[in-house]
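You will see two complexes here that share subunit A, one where it goes with subunit B and one where it goes with subunit C.
Take a look at the complex of A and B:
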């Protein structure tokens, strides 16, 4: 019975993934470079200074974009992990494996940019009692845990399943990070309600640069993950005929 | 149709995820007062904090309440949640954003007179970003969107 889930197996073919992303890469790289340039120039030159924080608030363009993207790693690894556990599709685990270190870097950058911002606006680099800060640090450690777990287990199939399960459970922390500023008293401010009207609090003159930067950062995330996964495919499928042909053709 | 062994595995994953979520939710709910970063002046007024205990209080710096000493860095101000007030004594360098009408979080102890002796004062800025021109225009129109919504008591 050619089932309803057949498409998933077609999509999970490493060879198909490799060929498709070869076509995507130049477009992703071009769009990322363009948006990154526009976002950076906008944030540095055209973003109005905040009435309270002055030029310090410019860092929010980077901080918000990176922080938002860092929250996507556990859901992404959980979906890939579920596919690994239920359908045993190898490509899903290749994506999950390479997402973990990238996610750790994004979490680290979120903590670093937030710390720099906080040192100026709050008067402190770090507060152990702020649940937003601590839950983000927890995500960083959880991702290091996922990386270590995979490295510690010799059997790669067992490692993939263990990491998949940890990634699914780790999604709980993403919800905690997101709502920490609403559930509890924190030093960290809640998310800004954006306004469509120019000249009002959180108007387009403030958030458009952040939105552009957020798209650029997501493109960077996608690009990095695709490139790492392609390497993983070549390594794991090195005995496959099409990889041999590709390697011979390239030299 | 999904194959039976796959459906069984998916069911197990959903069961684990739901179970862990409930466990996490119950834990966080039980620990809610410990997770809160600060007490509100109303909670302090209600005697939720023991004498001599180190804790943090969060509120707005009451307008017209800041008294700066002439010959030292000592400062006294009132933190308020618009229901109750707490007088705060502090000696040291205040964050740049410290001003009347600004949200702050102070760490320290209550003395016998009920004055909060702060060892640290942090600025808690809000989520409304705007240019000085917009702020001035809104103030002229009598709107103050920068106002903190400091809760007088936790909602849960």
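Take a look at the complex of A and C:
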């Protein structure tokens, strides 16, 4: 039975993670830069103005991509938290620790891009009756709660497990909040069905641009998280032999 | 060594916590008075007119309940932590979630129930129409225990912290949002002449979920906070 999870522990070795991501980073960064450039140029120069929204629909290419990515943080932190609680793998906590501020930042970006778009399309920067705005706001607050719990606990092992539990509870809570605020009449348009017809609302010229942007944003998310986790590894493992050798080799 | 049944341990914990609350009346009374004061600030701050108050009455009471329970929960595990009896609860052979559940019930009896009992009076002072009273009291009966049990997780996570007053609220208040929404919607609905039963049923479902899951999470949180 003990051997069954050995692969997880090997995968969870900070040293292995550091070495592997060193090889991945150029590829990830290159792919992200390429897709981001293609998506941005497409959205700004080649996407025809929407028949109703005009040029503001270009904001949606970024907004939808960022919003989608920001929803992945609580599930990510809950999974990392479960790994922390069950197997006590430090790497999972290093990822979770850096995911919380990044998630708060993504939630903020979603709210910001959404209200800029809303100020033109809806005529208002903020609308309480829209369930997605409100639930995103409370996801933002819950992430701030995880960050401040981490900051308040001195012992890093206790903080890791406490934040892991809070992330799991928060992940369930975000879903409940999401559905409870949906009981109000909602202003937010339901997701438009994608269409293969060029020129129709949400036709391929729009959703392909959004899809490219979404992949770029996910790559950005992965890249930021990996870079932050690498810093965390160097800091926490600063007494380990391989980190010393790495530091000496660099100077 | 005689074996104590889980039911006996549950009753002993409940009785002990009730006794302690009676001995330390101030810890129970202060959040309650805070609740009364917060509610009475709204007419002064917003408008003394009945037409305005009627619309916000349910929300004001619900928000004041949330804030007051943040204050009263602060002492939920603190004195037990300081005098070491929390450590004894963790070491006992009884299931911890059951003892936590007993503590939650005791806390609800001394801090939740009084608030619910005076809520019709406050609702009258805020000129809530008579049609809203049953929904208000029922929603508080179903919702306040949910706030207490979910908040109890946050209290347990922060139990070892010296000064944690605000962090508890930062973590626990956003989690209580669904209860606030359904509690006020139930009242608004019955004021509009519709049935509040749907929203009350949702609150009941939350209570069932919280009662079965939250004590387990609180027990885990206590073990984390005390033993890392």
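Methods note: the second predicted complex is superposed on the first by the 233 of 251 C-alpha atoms of A that agree within 3 Å, B and C clash if a C-alpha of one lies under 4 Å from a C-alpha of the other, contacts with A are read in each partner's own complex, and residues count from 1 in each chain.
Everything that follows uses one rule, which is that a contact is a pair of C-beta atoms (placed from the backbone, for glycine too) under 8 Å apart; a residue touches a chain by one contact, two chains touch by 3 or more.
Quick caveat: nothing in here was measured; it's all calculated off a predicted structure.
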Touched partner set for A:124, first subunit B, second subunit C, both or neither: first
Partner chain in contact with A:165 - subunit B first, subunit C second, else both or neither: both
Residues of subunit A touched, compared between subunit B and subunit C (which is higher): B
Partner chain in contact with A:7 - subunit B first, subunit C second, else both or neither: neither
Touching partner for A:176 - first (subunit B), second (subunit C), both, neither: both
On subunit A, the residue positions that both subunit B and subunit C contact, one per complex: 85, 165, 168-169, 176, 183
Residue ranges of subunit B in contact with subunit A within the complex: 1-3, 6, 9-10, 13, 16-17, 20-21, 24, 28, 32, 35-38, 40, 56, 58, 94-97, 102, 105, 120-135, 137-138, 145-146, 151, 154, 156
Subunit B-touching residues of subunit A, taken from the complex the two chains share: 1, 3-5, 48-53, 57, 60, 82, 85-87, 120-124, 127, 129-131, 165, 168-169, 171-172, 176, 183-187, 189-193, 199-203, 205-206
Subunit A residues touching subunit C - in the complex, by the definition given at the top: 85, 138, 141-142, 144-145, 148-149, 152-153, 155, 157-158, 161-162, 165-166, 168-170, 173, 176-177, 180-181, 183
Subunit A contact footprint on subunit C (complex, rising order): 150, 153-154, 157-158, 160-161, 164, 167, 170-171, 174-175, 177-178, 181-182, 185, 202, 206, 217, 220-221, 224-225, 228
